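Each of the next two complexes has chain A plus one more chain, namely chain B in the first and chain C in the second.
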Partner chain A sequence: MSERTVFLPETGEWRCSCGGEMQPAKVDATYLQGGFSITLLTCTKCGTPLVPEDLCLGRMYEVERVLEDK
Partner chain B sequence: MAVDDVDGARKTLERTLPLPGVLGLLCEHPCEKPCLRDALGGTVAIGAVERACITRGRPGSKPLCMPGKGKTAAILGSDISALTAAWDLAKKGVAVTIFTSGEQAGGHLRSLPAATLPPAALDEALAMLGRMGVTITTGQTLDAALLARVGTDFSGVYVEMTPGNPLGLARADVDTLTLLAKEPNVFCGGWPTADGALSIIDMATDGRRAAVSLDRRINATTLTASRFREGPCSTRAYTNLEGKAPVARVIPADATGIPTPETAKAEAARCLNCQCLECIPKCAYLEHYKSFPRVYARQIYNNLAIAIGNRSYTKMLDSCMLCGLCTEICPENFDMADVCLYARRDLFKRGKLGPSIHEFALEDMEFSNSPECSLFKAEPGQSTCANLFFPGCQLAGEPDSKIPETYAFLREKLSGGVGLGLGCCGMPAHWSARFERFEEIMAAFRTQWEALGKPRVITACATCQEAFAKGAPDIPVISLWRVLAEETGLPATAGVAPTGSVAIHDPCTSRHDDASQAAVRALLKKRGVTIEELPLSQNMTQCCGFGGLADVAHTELAAVTTARRVAQSSNDYVATCAMCRDRFAHFGKRTYHLLDVLFPGELDDPAARPDPGFSFRHEERARLRRQLLRTVWNEDISDTSPVGPALVVSPEVRERMEVRRILDEDVAEVVSRSEAGEQHFIDASNGHILAFYRPRNVTFWVEYSMENGTAVIHNAYSHRMMVYGTSTGARQ
Partner chain C sequence: MPPAVAPYEREDVRRATGETLRPGGMALTERALALCRFPAGARVLDLGSGTGATVARLRQEGLAACGLDCSPTLLALAKARQAPLIAGLATALPLADGVLDGLFCECVLSAVNQPEPMLTEIARVLRPGGCFVLTDLYLRPGPTAQAGVPGCAGGAVYQDVLLERLSRHGLVPLRFEDHTRLLADLTCRLIFELGSASKVLSMITGRDPACSGGPKPRFGYCLVLAAKESL
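Then we have the complex of A and B:
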């Protein structure tokens, strides 16, 4: 399993619709009885993180499968 | 031995053979007689090969013996049955003392010619017994007094029944299963045969059987439970000899002594390596996991037994199509589907069946039974009906399904009225082990069915038929194909006429419905279609890859199943199940639905129509219901307006959404919320919007741009994990 912990969008100059600036920030992701901490591009104003595609298809998918088999 | 790994061969032999250096040389090899090679050049000379193995192979070190627990056994006699019992008991941690009358242990083994059993081989075996903790006491008088004494001094006793034993019992006097001679703890075995001869392997068999009994008695457990396959037993394994070439025996049947390395190797190479793998090449699922059902059943059992840790076989048991082909093939009717479904049920009941695997299919099922798609009605103007046409939810999701035409035709031809039922039979709930939900769906169907006057159900889906057979066996169900072939005949105007032969694909759920299979063939003949039978068809048909929800559990493996099925003929296929047809179309196989041939339709070349995909099927079911209510029952029902702006989805993005199980309506919901002002992200470099929404257990992300009032979808993906932002409430 990938040990990567920083998942920022590969392209784009992203802004939040609330008007806030986007900065990398540490956030938690959980599922069933497990989870992990990762760094995502996050709105400095409203705190909403941007979940990129490669994170969904890669680490999140793997972790979801593993936790379901626990 | 066949690859000249003699040490490896001896290691294998020593795993099960007691006193290998002795028994390996002396065994009379009765197993040679039933050897299947007999018909193809003569039985394999297993005895000679074994002697070569023992003579040339490196002896192993001391066998693993369990630590002693203070239990003791006395053995009266020292021939091969006594030595075998001592060997097996020592391995189980029992402290064994052998009492023998002579100066040396070995009994009649000592009188064998040195060429048959070199004295050193016997001495080495006895030395090994010593290293295993066995004590040998020589010069004893094996009489009743000794027997009485050891009966109290030791936890258990074995008496070898060679001449001079103190028991004087015949084989017929003792229990053949346990060899119990005298309660509570005296066992016996190793009798000479009727003509007074001593059979090495029979005596060893007695010694081993008695050791099992003694160990059980010493540990105060049952003497008799689960004692099968001890000693010689016939095998149920089936070995297919088709295509096996005859090879003459290298070692003559009457040969004695040790064969040369070359002849032993050549003789061993004649072994057929008997094993039954009949089902494996016919099932991509069974083949994928690189073993065979007996091992799979064990792995699945172990998977269920895990208390803490990863259940690494859950995906495996979810990937079976539950199609039953392996059971048809198996000479012993082993039912892999039963094993997998039982295991799914067990995991589900304990909350251990991963929620994500079947969720999409179950939501699709619920949508088919929602008020938007579900319909139960008698003919216009009537409240009950003699027949109920229930086409099945997959056909109802097809473009040009011909359900309206078929329904009109049935109303015209059948007396007593024909009602219409739209919905799902609940089979996805059964396949995913949600039996309670399956029963609820069946109960809901029953309520509608009773209200309509308990009509006969006519279905165009073999899976619905199977579902009714499982969940409501009292409801009379018949396939549409039988009704058309046996009762109504066909409409005057035919559908498309395929050019050339078409190959029939029977759905796996019709496997045992011979009458419907015959009807399908009769209907095609009536339409003048030339039929090709696939190598695996009718009772032996293969699943399309969708059965048992295998496709959602293991998409790549189900794809292999489908790809193999469509490669079995270059002709176009004709399917009677909409899901089979769509899967084949998805894999590029030109496939008709039977109704395309029987009823006229809108498409010039229906075999070429692509897989409509999940989103289309979803919407089509609801649209079909509204259309039928308008046209058949004259109800004033308008089409619902779509949510949010119209979507433009390119074929590439559409394919990605299909694979990721993301529906148009999910995307539309995300876009409409974002356009209504809910939170989203904007890419300043190109104006793309990235919006998200979590309606249930999944967060959907959609990247889009607005162009002339329509939403052009660039990407869509989803995740099940919850992501918590840096402030309260910011989570996806």
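Then we have the complex of A and C:
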């Protein structure tokens, strides 16, 4: 897998609000009929992923703009 | 300055596109195969065969398919397939006149700087009634459209220009389908690989969007089927 599809926070010890531990796991990022797998820190208990701010305001925002422009 | 690496030879681009190096992967190849209904043993060339994915698929279908590419890098990657692939230029095909029943040209025409001589060669090697399968970038109409961008999308033209160009070379368009959704999907993958939309645009147009100014072209992606004119 490409390192560029792994998006983990650079610092901090993270714990989910449900109390579960956070571990890197594959998450399906989907849009319209497309999508692919990326690796995010994900709660082992409830499955909620942590989307780093730079991913959210960077690549994800730009993908959204492309899809809106389409 | 070292020579620029073509987008299709970049590893990061290949990670996003997969082995086919084009929007949609094999989806439009499968679509064209279903529409063309080549008989077993039909002689078909994949022009700009890249890593040989289409040639392998065509041979799986029972066709006498071979590929041609000018990139030593891609031909080396294709070696493992053990498919008949030859090094050559699209503007000087090493084939006799009228020997092909079909010719695939997937995401190649808009990337070459000599589309006219390439189309002359395509029309020359197809037999009358032979099927030309083209998948490619094109320019969609709209207030932000402009022609003439450089880079690997430099040859993208409007739909009417593309179809007129084929007709002028004796390749009669039978079908035009818009598949821009496949291009949007690949663009999203490329954004994740390369890091930003501006890097993707810079890669396919060969210029820095921040410095280029003016309206940006609206790219689309299409499948065109055409038949070589009968005598």
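As a working rule, the second predicted complex is superposed on the first by the 61 of 70 C-alpha atoms of A that agree within 3 Å, B and C clash if a C-alpha of one lies under 4 Å from a C-alpha of the other, contacts with A are read in each partner's own complex, and residues count from 1 in each chain.
We take it that a residue touches a chain if its C-beta (ideal position, glycine included) is under 8 Å from a C-beta of that chain, and two chains touch if they have at least 3 such contacts.
Given the structure is predicted, the values throughout are model-derived calculations rather than measurements.
One of chain B and chain C touches more residues of chain A, and that partner is B. In the superposition on chain A, contact of A:Y31 is made with both chain B and chain C. By the touch criterion defined above, A:T5 reaches chain C but does not reach chain B.
Within the superposed three-chain model, A:R15 lies in touch with chain B and out of touch with chain C [touch as defined at top].
By the touch criterion stated above, A:R65 is placed in contact with chain B and with chain C alike.
Common to the chain B-facing and chain C-facing surfaces of chain A are residues 31, 63, 65-66, 70. Residues of chain B touching chain A in their complex: 309-312, 314-315, 354-357, 674, 679-686, 688, 690, 692, 699, 701, 715, 717-730, 732.
On chain A, the positions that touch chain C within their shared complex are 2, 4-5, 31-34, 36, 38, 58-59, 62-63, 65-67, 70. By the touch rule above, chain C contacts chain A in their complex via residues 12, 15, 180-181, 184-185, 187-189, 191-193, 195-197.
Interface residues of chain A, counted against chain B in their complex, comprise 11-18, 22, 25, 27-31, 35, 40, 42-43, 46-51, 53, 55-57, 60-61, 63-66, 68-70.
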